[in-house]
Each structure stands twice: as structure tokens, then as C-alpha cells.
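Per-chain numbering from 1; labels A, B, C and D assigned in written order.
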Amino acid sequence: MPKRKKRPARQWRRARPMNVIQDTVQPYNVLRENLARRDRSLREKVVTLEEAASFVNDGTTVGIGGSTMSRTPMALIWQLIRARKKKLSCSRCIISTDGDLLLASGVSDHIVSSWFAQGILWGLSKVMRHHIEGGHARYDEWSHMAIGMRFRAGAMGVPFMPMRSMLGSDVAKRRPETKEIDCPFTAEKLLLVPALNPDVALIHVQRCDAYGNAQIDGLQFMDIDLAMAANRVIMTTERIVSNDQIRRAPDQTKIPFFCVDAVVEVPFGSAPHECYGVYEPMLDHLEAYVKQVNSDPVGGMQKYLDDYVYGPKDWNGFLSKIGLDELVAASRRGRSIYDD
Amino acid sequence: MPKRKKRPARQWRRARPMNVIQDTVQPYNVLRENLARRDRSLREKVVTLEEAASFVNDGTTVGIGGSTMSRTPMALIWQLIRARKKKLSCSRCIISTDGDLLLASGVSDHIVSSWFAQGILWGLSKVMRHHIEGGHARYDEWSHMAIGMRFRAGAMGVPFMPMRSMLGSDVAKRRPETKEIDCPFTAEKLLLVPALNPDVALIHVQRCDAYGNAQIDGLQFMDIDLAMAANRVIMTTERIVSNDQIRRAPDQTKIPFFCVDAVVEVPFGSAPHECYGVYEPMLDHLEAYVKQVNSDPVGGMQKYLDDYVYGPKDWNGFLSKIGLDELVAASRRGRSIYDD
Amino acid sequence: MTKPHKYTASELLAILAARQLKDGQVVFAGVGVPLLAATLAQRLHCPGLTILFEGGVIGAFVEPGQLPPSTNDQRCTKRANMVLGSAEVLLLLQRGYVDVGFMGGAQIDQYGNLNSSFIGDPDHPKTRLPGTGGGNDISSLTNMIVAMKHEKRRFVEKVDFITSPGFIRGNNTRAESGLPQGGMFRVVTELAIFSFDDVTKRMKVLALNPGVTREEVQDNTGFDLVFNGQTSVTEPPTERELSTLRMLDPDRLFTA
Amino acid sequence: MTKPHKYTASELLAILAARQLKDGQVVFAGVGVPLLAATLAQRLHCPGLTILFEGGVIGAFVEPGQLPPSTNDQRCTKRANMVLGSAEVLLLLQRGYVDVGFMGGAQIDQYGNLNSSFIGDPDHPKTRLPGTGGGNDISSLTNMIVAMKHEKRRFVEKVDFITSPGFIRGNNTRAESGLPQGGMFRVVTELAIFSFDDVTKRMKVLALNPGVTREEVQDNTGFDLVFNGQTSVTEPPTERELSTLRMLDPDRLFTA
């Protein structure tokens, strides 16, 4: 059993009260003024991972792209942990081992999601259970579509979206932020879910140019709405390509440059999760991780953070610890999606 | 000046009353039951243009894909005219010479759109003016985004979308179908626009398979929402490709097969309008058309219908009348979008 | 072909679940047994079955031995007809394009309500479960088939928390809650197949699995089951069903 | 370089409109003079100008001599940064990504309201105009520059119909109508450049075009214009502006 290290004090603070900013709809004029102040001009915005993480302020709201073990902006999360960020309120449609890392490191004490475990293969996350059941952090549960509708309302610049699920369930009963209405057109019952406009979105893509024009292959999850909804977007990319390449197929651009505030080229930036068409999840690493942290959600997790996050010199150092064999095998499987 | 032929009586009937079906939100259970009855299985559905047009019933509501002079499902409209359809209520984000044809032929007496003329190059449509000012047909004007939000609500299975334009204008004042509310979250004024679920959508694409899985290159306008919103979709395509080709790049499929009820392969199916990457508008033909019909919106139009719609043996016969030179030139310009 | 073969409880579950699907249907399948069972049905009696995954996949055709570890992985998209956003694929349920939702369950009650959120008091839970994912959306918006393990602690009179609504408190309470469409259609376990009473919306036994008695089902259930005269006995898995299933999941990822 | 050159009224309009744009802005441009003027600005003082078109285009870079006949044509997309749906591009206005809306106008009033729907009584119109297109959305949601011909029948005290809202009835009536953002910023004609009073929101003369008098502007306007002491005189088109413009529109599609 790994030695239990003294954990930093911030990890133990109590969950914040209900009226955190992720629960409240930002007034339209505030949203507009925030956006008017952003530099939306066509300009290069390539930075280092360290610089990118420095743009995330403690106590702010963070939307995380991808879903479960796919296109997770893992390098950015890894860097936020190394930078000892605090009290971030994080939203993601489905959150996986990245949620463990955020809670256990003390970076986040509030998760907004529809599903939180390491992965369906491994049952419950003991790390999540430790933090949520212990009251050290909050996990606000919404239906998967509700998370999508909240980002969509945020992306569209409206305060809510109407929807027809969650009604009648206890999921809605525990979300006082929603409003049940009788439709003014049809008198049907509808649920209105509030817009979610995170202070910053973290998104990983297969390729983008130095301005932030991004192409996403395969599963796009909710990343487009998230990018449009957020007040800032930090984008990591497997590869930076020329603006000429982007302009040759403009209908393949999924996120336009003017919603992107920083671009970082990070090969394997979703490791140990997958990046569509580039690599599949690194399941050997993940299985060892799950075994270690679920057997000891405090000490095992701290040891993982020490060994894999705080320890390595840089992101390539982290990748080296996963190991070349697993990176090569994951890449081979990743590319196989295009074998047909 | 062309001889004025006797026009069919149906062209002269008065506009229908305000409560046509395009103005009312369909109850959720009705929408669901209509959809439950559709055969959504993976099956081949290739038919002829004549068969496709026969699926459109008189007096129903029709959503038209593309915008202005782009990817207009012109062959389908041409066939609806030949089949002497009546009293269709037609919606399109921006309607162009197709609107002239629909009104003058008597196929439609009700247009729902944001803009109606032949094209910005040619000023006002005298054909539109003749029919609308004369009270022979109705043109309901919405903002461009409102048309989009109405299709979107229809596509999402909700009765309305909230939006922030049209407020304060006379456009909204003339649309009693809208509802102005104070937002239950922010107390801001919002406009709710009702869902639009046309009985049938007419959509033209660059390629699809025999099941209806469609790829759309370039400008997609509102076609995806329209396809999801409609109770039936009739799709014409420049080319039918194999399902294997579709499955090799599933992230390029823009409309899924199960919303499509009929597929017709019609090369140059948008002529004389453009089809992105395949051909540009046939401006010589259009300019001659505009000159003829704007100088005589009744007789000139009837002559055009006789010569170009009723007269030709089939769609290729219509294309022959446009002329090979113009088709080749338009195709050359069309493909040039990919020259970079 | 109908003589008994050796099979595990989870193999039986997958095969009986697969039999519930009809060719030509559009099915929204969760990961695990549902994904496997839908894929099995597609290889057997439903070549025209359209499988949707929550990650954003339409018309999937999962490869043998390449089962995805979640419905958000690229493996789900191999030879699919369409890949789209995850809000978009969930909206297909709301619009009505889906015939059947097909999920697993951690805890179910007599009205088919599912709990995957909390064991105990939600404010001070004994166990915080992962949560709804798309489960709430699927069960709110379409007809449901649930495949799950049959244990007394999983089949309870009233779930601690309604994550994914079945018929709420029975009768018309589902529609009155704002859910006029869909509802529980079938529950499949290793012991029996269940449907729901047309009026009361209580769970009833439709068919017993081979070799299972009424008493055995009732003993493993935390509420009184409705039995009626039409309870039949299910045909055991055929050799073709078993061999196809084992070809699809050779590593026994979901049929351990 | 500042000595006078020969130019047409529409060339002057395009050049003066182009000068209103600033580098780094995101501008939503309508077809015709706005498209041409935005493209001209991009070739002159605004290399980093981002041009949006209603058909669904972000970051367009229209080629000389290849001006599109509408903003829904493929020519708009050549060497663009992104092509997207037309509802999506309009929603960018609502979310707030756009700095300037840039349109033509058929009829405008003293509060900057535009009419492109009806001449006369809307129930029995003398002329049914094409309608709003995206005009209502653009003018409702962002700051507007309007480039139009200056005629008395086009500059009226009160438009017959508010298609695209300016400041409605002046003062705070725009915000009170539910439009707290945006509004008329500039009107550019072949006679003068106009802005709007901060308080009353009435149109005022900002600068006279070369050789144009106050009286000439007032005589061609159907309402009393506000003049104040700061009215300046605009620099005439430079040779570079004219030659670039003529390179872009050699067929005089929009500068006849």
C-alpha cells in the first residue's frame, strides 16, 4: 500500500455554497461586454502550456471539452494541477479520470456533469465518492442533454433552452436552477434550463492554425457549443497547420479563430485518453491508475499526482512515464479508424 | 411582347386566412405519432422525379432547402409545377426565382420567408409584387434568424426558441404567432418564435447514398434543421454514392438516412441556381428570365412556364433549353472553388 | 438447435435482450450489455437495425472483438452511417426518431424508475453513484428496454432517487409529469422478462427464463410482482446465438 | 495623393464606407456596396478585418473581379476561414462576436430605422419590398454602418415600416423594446457621413463629402438634420483607394 503523504490543506476545504456562478445566468449586457472586450482580430496566439494555464484564474468556472475518455484536454488539466490552481468550478458533459484529478489535486471543488466515474469498465470512482460523500466537493448532476442545452443556450446568447426530459425525475428536483413552465404555445409542460457560459473553456483538437481555426475529426461532443458559450477558450492541438490549409476547406473548420484566445501545440495532449483518429485510450495505464486510486482514494491518488503530474519535467516527461510501447500501440489503434 | 395566355383559374384564388398550418405549433404527441409512423429503417428509397413529386399533397406545408440562388431544389419545384400541385404553403430562409415560379404557376399561395426577390442584382421581383400586392397570395415575413430558429425548434422537438431580434420592429408586430416574454431567469425581454415542422422538406445535396445519408459541401444554410424538423424529406442529389463511401467518413454525413423518405438522382438539380463546388448560377439564363418576367409579370411568366417547365420532355430537356454552353461554363466556375 | 447449451448469466441476459429488438427499429443503446445485445441482434435477426450511441453515432456497426469501452469512443464510429454532436444525437430522442432506448440499470422499482445517482439520502448519500448520463433523457423520451442483474437489492419497491423515470408513481403520473411519450417497455434479467401493466403501470412477469420458477423470481425481488395467466417460458439460447455472441465479445468484456 | 480624382457617386460611397471600418474588427457585411467596401478596407487599411456573410461565412477574402451576386453564393467562401450554417452565423451576432453590421438601405428615418418591407400601408401596400433578410437581426444585435443613396424619398421623418430597428422612437426606446445592445453608428451617403445624437438618438451630420454644402444635404433629406459645430469635411478618395476599388469591381457590378 502506497505511503499516505500529507495532502495540501486546500484539498479539505468545504464545498462552496449553492449560488456559485455556474448556477446563475449571466445578464445579457455582461456577456456582451465581456465579449466586446476580447481581442477577436485575426492574430497568432500560440503560447506554451504554462502560459495557457496562467490564463485560468482561481475561483472561476471552467468548461471542459470532449467526453468521458475522448479528446479530454488532459495536458491543460495536468498543467492546471502543476500550477496549483484552486476552487475552479468545472463543467463537462461526462467526466472521467480528469474529474478524479481535478478533485484530488484541489484544483476543483465543484463539478457540473451528467456522469462521473472513471469509466464504465471500472465501476464507481472511489476518488469521486471520497470527495463528494465526504462533503469536500460538490457534484451537480444534470441530464446529458441538459448539459448540452445549457452550453447551447450559452452559445446562442439566450438565457435558457426549453427541453422535455428531466421532468418528473429527482434529477430535476435537485436542480432549483431549472424552471418548469407551461408552454405559452401548446400548454405542454416544459423544463427551461439556464445558459452556461463558462469563464474559460479548455478544448483539445486534432488540428488548428496559429489563429485558432480548428478542425475536429469524428466525435465532436459538445465542443462547438462550449467554445461559442465560453468567455475565453484555451485550445490545445495535436498539430498546428497553416492558415492556408484551413482556408482550402473552410467547411471543415468547426471552431472559428475569434472564439479562441490561446493555442498550444501538444502532441498526445489527451493522453492517457483518446484523440479520434490519432490514438485510442491507453488502457494499461488507466487500469493501473484505477487499481491504485480505488484501493486508496487519498494516498493512492496523491502518489499518482506526485509520480505523474508533479514529478515529470514536462508533458513529454509524463508521456515517457506512460511509456513508448503504450503510446505506439494506442496510436496504431487510433489510426485504424481510417483503415477501411 | 409575349402573347398573354389564359392563366389557369387556380392562380387567381384569394390568399388563405391567417390560421394556416405554418402559423401553428403542432402538439408534441402529434409530431411524435407522425414520426413513429414513418418507416425509418435502413432501406433503399431511390425514386424518379415524378414519383417524388407525387408524395407532395395539395394544401400541405413545404420547407425548401438552400438559400437564394444556392442549392435550391429546383428540379423538384419544376416537377411540382408540371404535376399541377395546388395551395402549397412554402417556407424558405431566403426565396428567389423559385418563389416566382411557385406563385405564378399556382402551386403556392403562401410564402414564409425573410426575403423575396429574384436576386439583389435585379431589384424587386415584379412577379412577387403582382401576386402579393394583388392579394392573390400571402408572403409572411420573418427575420432571417427567426426562420432559422423556427426550423431549429422544429428539429429539436420543442415548441419554440427564444431570441433577441425582431423585438421593437414592425416585423414582429405583424407576426401575432410570436410571443414576447420577460425572461424567467433574467427578466430581460425575449421573443419566442414558434416551431416550424413542414409536412415535407425538399432538399438538394451534392451526394447521398441510396438510403439518404447525405453529404453537403460548403454552405449548408438551414438544411440540417429543416431535414430534422420536417415530417417527410424528399432529397435530390447530384450523385448517388455507395453506402460504403458514406461509412468511410461518417463525420461528413450531414443528414441521416432515417429522416429521408425519397432520394432522386438529378444532375444539375439546382439549375439555373448554383450547387456548391459543382456549378455556379447560370446568370445568362437568369438575366433573360428576369427581363422577360419583370417586363410582364403575368404573360412573361406564363411564357417562361410554357417554354421551360411544361414544354420540355424531361429535366434534361429543360437543361438543353438552358444550353450546353452555359452548363459547361457554370460547371467550370463551380469547380473553381477547389482550385486553391 | 433448441437443446440446452452451457452459458453464463450475462450471456443469457445479452441474448434475451437482443431478442427484444425488431428489424428496422432505431435503437439508442447504452454501453455494456445493451451495446453488445444490439450488435448481436444486428448480426442475427435484425440486419436493418439502426444503432445510436450517446457519443454521437448513428447506424453503428461495431466490429467483433473491438467493443468500445464507452459509447464515446472512436470504436463506436467505425463503419457508422453518421457521426454527430452528442447534444444532437440526444435531440433525436426528443424529436422522436428513436423507437427503443436500451440501457442497463443499477436499481429499479415496481414502476420501472431507475436509480443511478444515490444510495441513501441524496443530501448525505451512503453511496454517490455516477449519475444519469443520457439515461434520464433516453427514459424520458422513448420506449425503454432495460437489461440488468436480478438481485433483491436492485429490484426495490421504491428507488431512493428517480434518476431515469419509468412510470413515476404508476397510472398516469408519467404523462402528468410532462412525459407524454415513451416509458418502460421491457425489463430483461437472467431470471425473467418483464413488462408493465397497461393501467397501473406496475411491473409484471411476461416470461420466465429456462429453469426459473415464479418463486425464485419473487424471492429475488423487493416488491410484489404481478403474475398473470399468460406467463410463458423463454426458449433457451441457441447455438447460433451463443457462437455469434462469443465471436463479438471474445475477451468477455461484457459477458464475464 | 490627396488631389481630386474623378469618381462616381457609388465609388465615393464605397470608399467612404470602407474608411469607417477599423483593422481587427469583425464586420457582418451585406451584399453590394457593403461587401465591396469591406473587401476594399481589407485590401487597404484593415488587413486583419474579419468579414462575415449571412450565407454562413467567417473571415472571407473575396477575389478581385469575382464579387458574388449574393452573400449566399459559393464565391463568398473562397479562401474563407470557416463556412457554417446560416442560423449559426446569425447567432454570432446574438452572442456578441460581431463589432459592426454593415448594410445598404432602401429607406431610413431620423432615428436610423430602416424599411425594406413595405411602401405604403402594409395591409394594402403600394409596393411590397423584398423584406428584411438578415437586416433585422443585424441591426437588432450590433452596431450598424449603413451605406445608401441620399434621396429625399429615402431619408424620411418616419419610415412606413420598421424592418430593421435603429433607435425606434429615439431616447431609450430601443433598449426599452428589448434591444439593449447595438444601434445605428454611422450612415454614409454620397453627400455626407452621419452619426446619431447620444441622448435624443436623432441623426446628425458628422462630416460633409467634398464639395457638398449643408443646404444640399438638408434639401435632400425629408426631416430636419442636426448640425453641430464639429461638422468636418471628408477627404476625397485617394488614387490608391480608387484604383484598388476598380481592381476589385472591374465589371462595375456594384459601382455603376
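Simple rule for what comes next: a contact is a pair of C-beta atoms (placed from the backbone, for glycine too) under 8 Å apart; a residue touches a chain by one contact, two chains touch by 3 or more.
Given the structure is predicted, the values throughout are model-derived calculations rather than measurements.
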item	value
Co-neighbours of chain C and chain A - touch as defined	B
Separation of mean Cα positions, chain B and chain A [Å, integer]	40
Distance between chain centroids, defined by C-alpha means - chain B, chain D (Å)	29
Junction residues of chain A, two or more chains touched	28, 157-158, 163-164, 188, 190, 218-220, 247, 251, 340
Junction residues of chain C - those touching two or more other chains	57, 77, 79, 83-84, 91, 94, 180
Overall pattern in which the protein chains touch one another (line/ring/star/complete/other)	other
Pairwise chain contacts, counting only pairs that touch as defined	A-B, A-C, A-D, B-C, B-D
Chain A - residues contacting chain C, complex	67-70, 93-94, 113-117, 119-121, 124-125, 128-129, 132-133, 139, 141-146, 148-149, 151-152, 163-171, 174, 180, 188-191, 218-222, 224-225, 274, 276-277, 280-281, 283, 334, 337, 340
Residues on chain D engaged by chain A in the complex (per definition of touch)	23-26, 48, 50, 57-59, 61, 77, 79-84, 91-92, 94-97, 99, 180-181
In the complex with chain D, residue positions of chain A that touch it	28-29, 31-32, 35-36, 39-43, 155-158, 211, 213, 228, 243, 246-247, 250-251, 253, 256-259
Complex contacts: residues of chain C adjacent to chain A	31-32, 54-57, 69-70, 72-79, 83-87, 90-91, 93-94, 117, 122, 125-137, 140-141, 161-165, 168, 173-174, 177-180, 253
Residues of chain B touching chain A in the complex	25, 27-28, 157-164, 179, 181, 183-186, 188, 190, 192, 194-195, 217-220, 244, 247-248, 251, 340
